[in-house]
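Every chain is named by a letter (A, B, C and D) in the order it is written, and numbering of its residues begins at 1.
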Amino acid sequence: MPLEAFQVLSAALFCIGLYGVLARRSAVLILMSIELMLNAVNINLIAAAAHMDQTAFTGQIIAIFVITVAAAEVGLALAIILRIFRNRSTVNVDEVDLMKW
Amino acid sequence: MGGGLDRPSMDLAELAWLIPSLSFVAFFLIVLFGRFLPGQGAFVAILAIAAGFAMFWVVLGGFLGAECPDSFGQKTCTFNREWFTAGSVVLSWGIIIDPLTVVMLGLVTLVALMVQVYSLGYMHGESRFGWYFAVHALFVASMLALVLADNFLLLYVVWELVGVCSYLLIGFWYERRSAAEAAKKAFITTRIGDVGLLLGILLLFKEVGTFDMSTTFAAVSAGEIGEGTLTAAALLLFLGAMGKSAQFPFHVWLPDAMEGPTPVSALIHAATMVVAGVYLVARAFPIFEAAPDALIVVAAIGLITALMGATMALVVTDLKRILAYSTISHLGLMMLSLGAFGYTAAIFHHLAHGFSKALLFLGAGSVMHSMNNETDINKMGGLRRVMPITTLTFTVGALSLAGIPIFAGFWSKDEVLLAVLDHKNYLLAFALIAAFLSAMYMARALYVVFYGELKAENNHVHESPWVMLAPMAVLAVLAVIFGFVAIRITEAGGIGTFLFFNYPHGFEFNTGLGVGSIILAVGAFVLGWYIYMARRISLGPWKVRFAAAIRVVGNKYYLDDLYQWGVDRVVMAFSRFVALFDRVVINDKAVNGPGESVRRSGLNLRYHVTGRMYNYAMGMAVGAVAIAILWWVLTTST
Amino acid sequence: MPETNLTSNLHLLLPEFLLATLAFAVFAIDLLLPANRKKLLAWVSVAGLIGLLALALALLWGENEEMYGGLIKVDSYALFFKSFFILLGIFIILSSVDYVGKHLSHPGEYYGLILFSVLAMNVMAASREILTAYVALELMSFSFYIMVSYARYNPRSNEAGIKYVLIGAFSSAILLFGISMLYSTIGVTHFADISATLANAGDASPALWVGLALILVGLGFKVAAVPFHMWAPDVYQGAPLPVTAYLAVGSKAAAFALMLRLFAEAFMPSIDDWQIIVAIIAAITMTVGNLVAIAQHNIKRLLAYSSIGQVGFLLVGIAALSETSPLASNGVMLHIVGYSFTNLAVFVGIIAFFNMTGKEEIADFSGLADRHPFLAAAMAIGMFSLAGLPFFAGFTTKFYLFTAAANEGLLWLAGLAIVNSLISLYYYQVEIRHMYIQPAPDMEGKLEPASAHNPHPPPVGGGAEDASRHSPTPLIIGVLILMVLGTFFVGVYPFPIVEALDAATSAILPGAGS
Amino acid sequence: MELFLTILFPFVGGVLLAFFPPNRGREIKLFSAFVAFSTLVLSIVIFALYDYREGGYQFTESFTWLEHPLNISFSLGLDGISAPMVLLTGIVMFAAILVSWNIEHRPKDFFVLLMMLVAGVYGTFVTRDLFFLFFFYELAVLPMYLLIGVWGSSSDFGTFIRTKEYGAMKLVLYLVAGSVLVWVSILAVYWAASQAGTPTFSLEELQSVEFNDGFKHFENLFFPFFMVGFGVLAGLWPFHTWSPDGHVAAPTAVSMLHAGVLMKLGAYGIIRVGMILLPDGADTWMPVLIGLGTVNVLYGAIAAMSQQDLKYVVGYSSVSHMGYVFMGIATLHPLGVGGAVLQMFSHGIMTALFFALVGVIYDRTHVRDIRVLEGLSKRMGFTAAFFAVAGLASLGLPGLSGFIAEFLVFVGVFEEYLPLAVLAVIGAAITAVYILRLLAKVFFGPISPRWEHLGEASKIEMGAIALLGFVLLFVGVWPLPFMDVINAGVSTIPGVS
């Protein structure tokens, strides 16, 4: 399988995630789309590393780091979303605009 | 002190610079220590001018004996010292002594002394007595310096100082609104004239490279300066002279200057300052001579001024204003004679006029002094019985100015008419009319004020104290004998041999012209007698026939109103427009405008932060795409 | 990949390890301390930091070693920023002691998080490999995410938190995608290797500069450059005041430390491509930042936009980087130092004012000069310095920076920057007018309204001082004096600092010897 | 060392003042008067010790401030042009502090800011380094905002209102906007110098740099930046509107210092940086400057004629007099430029005297409207006398300093620009008109009943006014020492033929 195929797949996934972030109004769904984008990054990294047949596995190491950071990020983001929900009983991003201009 | 051979008589003339500095020192003394001196320091000023007068005789003697190089036929000694060099330009100070200077020194010091003595009595009891004498001393000092100046820069410096002193003296009683306005008017009008003088000086400096008069005149006579610039320079200098000597367009300030104390008018507005213009034209005569069409302008302006002055003097009823208009008229005559190459005649007439007009003003002063400042001649009449000496001296002055034969005025006016006959004969008729009119208004003033019956309310009037009468007497004597002296001044005969331009000419009496002018003068007095004394000829019908003309002349040819209109409507309106333009256009539009637009763009721009999170994400996405496109454009295009 | 001897010269990272232990120690002590003694935690962490600073300076002076096979390099550049960040941590903790006591609960975690963020910043400044940089960046971001939403019951803080988290995660995803593109085209992640491949790569392939562009976007978010700045005003306004101060100064300085090393060491060979782009971003950033700041009436939001403007000036420095002259990187670092001192002077002043009155609108500052002359003077000095008027740090640092830009031929950018500092003078002048000229509002009595920010009174421990304190505490005055002196000295005699900066510049740009 | 002292005295004075207790008004004023007096004595000594035969920079000292790439060094030096300016600053500062003896509202901050202002002005005049010239140039503008904003006075003219906040903001923003142009061109000069291989900020070395090598039209392009940048502070025609508004709002001492000294800073900048560094640029742009200068003269005089507020009249008159300075500079003729520098000095003293007198009148009558003030000389004889002296000096009466300066400028302008010289002389006549109208209206004539109770100026104010009046007289009567020093300074300017 040529490298380009994987890069196209990861770009597609990235764009789907991007669309999710822009279109969705609920904070949780936005978070999920961001995770989608991060997974796209993983695909790209793994594909590149495989095609590069290096001994140092740099690509794979980065992918692992990305997965751990994504996990931490989800934990953190959900905690804050919970905070908002408890205070304002909504996670809709439209209503969260006390501060503007 | 460089210049000239070092002969004992030479440094005598050199001492001339002492005369003005004595009065300068007097001014500073009075201003600084006046309060502690008796009589607020008035005697210091008088001492200074008396010493000056004495010095004049010493300088005269020194000058006559001195050996100096001739310039334009006249013996001129110059002493100057280098003052400052900047780049290629050398500025130097110095004095010039030639017959013109000596004569002027004599006139100014004498008349100033007389007037200051007179003022002791006239200004007695004034609150700012010391300040009056201080400014008087400053004025005399700057006038003397003006006469002695050997370069145009020093001339301009003291020219302005003279203007300021006249401003301070006219506005002496500044509590009076009219005095304040008169002083302002005088200074502004003369200042406008000074603009011309400054431009003339600068133009000459541009051509010759130095302010020194002798070098400039040498360059002029050597023909180094083009005809056009020479005429322009001459006219500009004449503009300065017109301002100071109250010639036609700039004469409006002199009648209002009568607001000042009368001794001031006697000194400044009769004998000295107003004549500075004539002196300037005389001093710079080589330039005028080399620019004939400038001389035509001088003569024309002189003639117009003479006629206007004379007509206005006939109509006005205020004694001091009559004398003021008569001064304007006689100054016009002097300018006319200068315009007609009558160099000696002009200076001779100026001297004679100086003595007699100062005398007349002092006379008017003593009349006002005893009639608690009443100036309207209709309220006076028949003062002959109560003020005999004033009447006698005033009559001598009036007769001299009218040109009655034995008095000084006759000889000088005759010289003027002769000069006009020789060079500008087509103007002779007008000159004769002017001479006749001057005799007429003198006669009118004389009869209405002093002769005729004494009015009831005036009988308490008493003669002025001797301190005022003595100077008048001296001037009266001079008004009488000066004519004869001037004719016989040197063996060869006449003032022409002592004071002349290029070639001396003896005094010759043109019988036809002389007799004609005698007839006019005596005729005017006889006519006056019939109108005012014997009431035989009534002016009623004439006043009806020429009502319009009289009204025009009465309103001073509406010139004052024209100037006032010009100032209010044109100048002030333009200034208000400029001020408004500055505030509204430059300030509110050009300055606040950009500031306001920046502020408004800030206000509008803040709305792009909408507070909704997805807009932020969209902003980032768009930003990323924009950078990618930008990078692509850059890499492909370069 | 160099040989993987990971344990050689481990001692170089001693300060970082000790810092981590200090953070965990603070968490532990927090569990043991009774509620009313929480302030002790602050003094523990400050003491720890001071000790660390001394240790770091003593231990690492003049070092120039690589670690972990080149992932981290401890050189004078890293040392300079390490000491700067530790000092910064100290000042932030000192200035937030009163604020935390009065407004925030659980001070323990607060100080712990600050220590973690300082750790992250140190690593960011020292990292020479893109992944290490990313991990440190994320560690710092995470600690800031939590600190921003620390006032749990305050809706504004929550809103700021959620916005910051989501947009932050989004930008880190983009950054990662950029890194993956970079890796897939070049195959290396070390800065040195990247610059080597870029040097002989000739014209970069499209995929490469898309990767670089996306990395630029990620970093742009972090420093709040204009297209990516919209989160900043809301987060600055919502976050508790000391956190806003720390965000404005700390996170920006760390991001620029990383960017400077990244651009100087990694992307320098292809400077001709990205110089124009960074210049254009800088121009837009400063202009939008300064323009919108004019319209603000909340002091925190105003300072948010003003700091965006300052970022524009710093980006001018990045755009003017060059192999030969050290001016640009010196300028950036000097401006970071000057800007931090000045910004802290203003923020500490606002914190003191907030502690007294609990208000943060610009109009509330009127008449301050009559009541608290020193506080007003300190803030005025800070603001005049931000506007770039002499005597104070702003002028000298801006002059240095713009001279660097002019030297690289970017005179138009320097000109635009100077015009922007003129515009900034306008909105600082509005604030100073309120403090000095507008008369004090007559509501003298109600100095301490029921704090809208905190419906539940803080637990007994926090509210030690009485609510109606009328003058700032000596601690805040002390910090303020330090800041003002710092501003003054950087402005009048920057020579010692410039010496240190020269050493730092030669570390990252070997060619630019002074 | 002396030059550093001139900056140090006011600076240290300001810092020490900051530690005075705020309520002890008298001690604060006495101390600042002492500082001002010592600075005045210092500047007189410096001026006297300057040996004009030797010319060039004297009392020089320097130590490096930033190393190689920027080569900024804190180097001081005094030459023929800056010597009179230092003296002017000393005199005007001392007079300004004497006149502000009745400041009651927060006197400490007032005098601290005043000291900072003066330290900035001294710094600009004595430095030989382009960076520090700009450093002190901006420093002089900084205290202006608070001085006018806090101690100024708003005034309502019916159709428009000029609040002190507007005046302060406008003045500071306008001047900083002007300095933006200067900053950009300083950077350009540095860039050109580093292109030519010698990156430096010191004025001497920059003088030897051939700017046109790097970029052919460099000097022609960047001289107007300097001209307009410095011209804004000096009141060049289209950029002068801040001056009247700023002065109307400013307190007396600040207007004295500002119109008296700061406007000269702008003109000094044009000479020191514009003409000396970029001579070719100067040659091409001087006709524009002389044109603007003439407009300055006529525009200022005509606008002053119809002003109702005393401070507006004096504000516009300083715009007009600065026009002579521009014309003098633009002639590139030794007499012209010498006249311009003397005019800077004499006009500085003159305007300071005017503002001091207007301040004295305002303190007693609380009104500055000409239509209402009448016949004040009856009650305020001393003030009236010195207002007349200042007025006569400003209309160029010989025997007072105004005449020598204006005359030299006229001589210089007459060499090549004859028609403009005629306009300038007419401008002088217009000045006479509005000064005399003012004198006649406000001081002479019968006193209006409203001002019957007016008191005369206090002893201290009289002292300040007398000092300024005496200087005007002294320079007018004996201008030799000033002309020699200025001549020495002017001859070093390249391009002055």
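Note that a contact is a pair of C-beta atoms (placed from the backbone, for glycine too) under 8 Å apart; a residue touches a chain by one contact, two chains touch by 3 or more.
No experiment lies behind these values; they were computed from the predicted model shown.
Here A-B and B-D are compared, and the pair linked by more C-beta contacts is B-D. Ranked by how close its C-alpha mean sits to the mean of all protein C-alpha atoms, the top chain is D.
For this pair, chain A with chain B, the centres built from the Cα atoms lie 98 Å apart. Annotation: 37 Å between the Cα-based centres of chain B and chain D. Centroids built from CA atoms put chain D at 43 Å from chain C. Taking each chain's centre as the mean of its C-alpha atoms, chain A lies 26 Å from chain C. Touching two or more other chains at once are residues 173 of chain D. For chain B, the set of residues that touch two or more other chains comprises 595, 606, 609-611, 613, 617. Among the residues of chain A, those in touch with two or more other chains are 21, 30, 96-101. Chains that are in contact with each other form these pairs: A-B, A-C, B-C, B-D, C-D. On the chain D side of its complex with chain B, the touching residues are 160, 170, 173-174, 238, 241-242, 245, 299, 302-303, 305-307, 333-335, 338, 375, 377-378, 392, 395-399, 403, 407-408, 410-411, 414-415, 418, 421-422, 425-426, 428-429, 432-433, 436-437, 439-440, 443-447, 480, 483, 487, 491. For chain A in complex with chain C, the residues that touch the partner chain are 3, 7, 10, 14, 17, 21, 27, 30-31, 34, 37-38, 40-41, 44-45, 47-48, 52, 54-56, 58-59, 61-62, 65-66, 69, 72-73, 76-77, 80-81, 83-84, 87-88, 96-101. For chain C in complex with chain A, the residues that touch the partner chain are 1, 131, 134-135, 138, 142, 145-146, 149, 152-153, 155-156, 158-163, 165-166, 169-170, 172-174, 176-177, 179-181, 183-184, 187-189, 233-234, 237-238, 295, 301.
Remark: chain C residues 325-327, 330, 373, 380, 384, 389-391, 395, 399-400, 402-403, 405-407, 409, 411, 414-415, 418-419, 422, 425-426, 429, 432-433, 436-437, 493-495, 498, 502, 514 touch chain D in the complex.
The residues of chain B lying in touch with chain C in their complex are 595, 598-599, 601-603, 605-606, 608-611, 613, 615-617, 619-620, 622-624, 626-628, 630-632, 634-635, 638.
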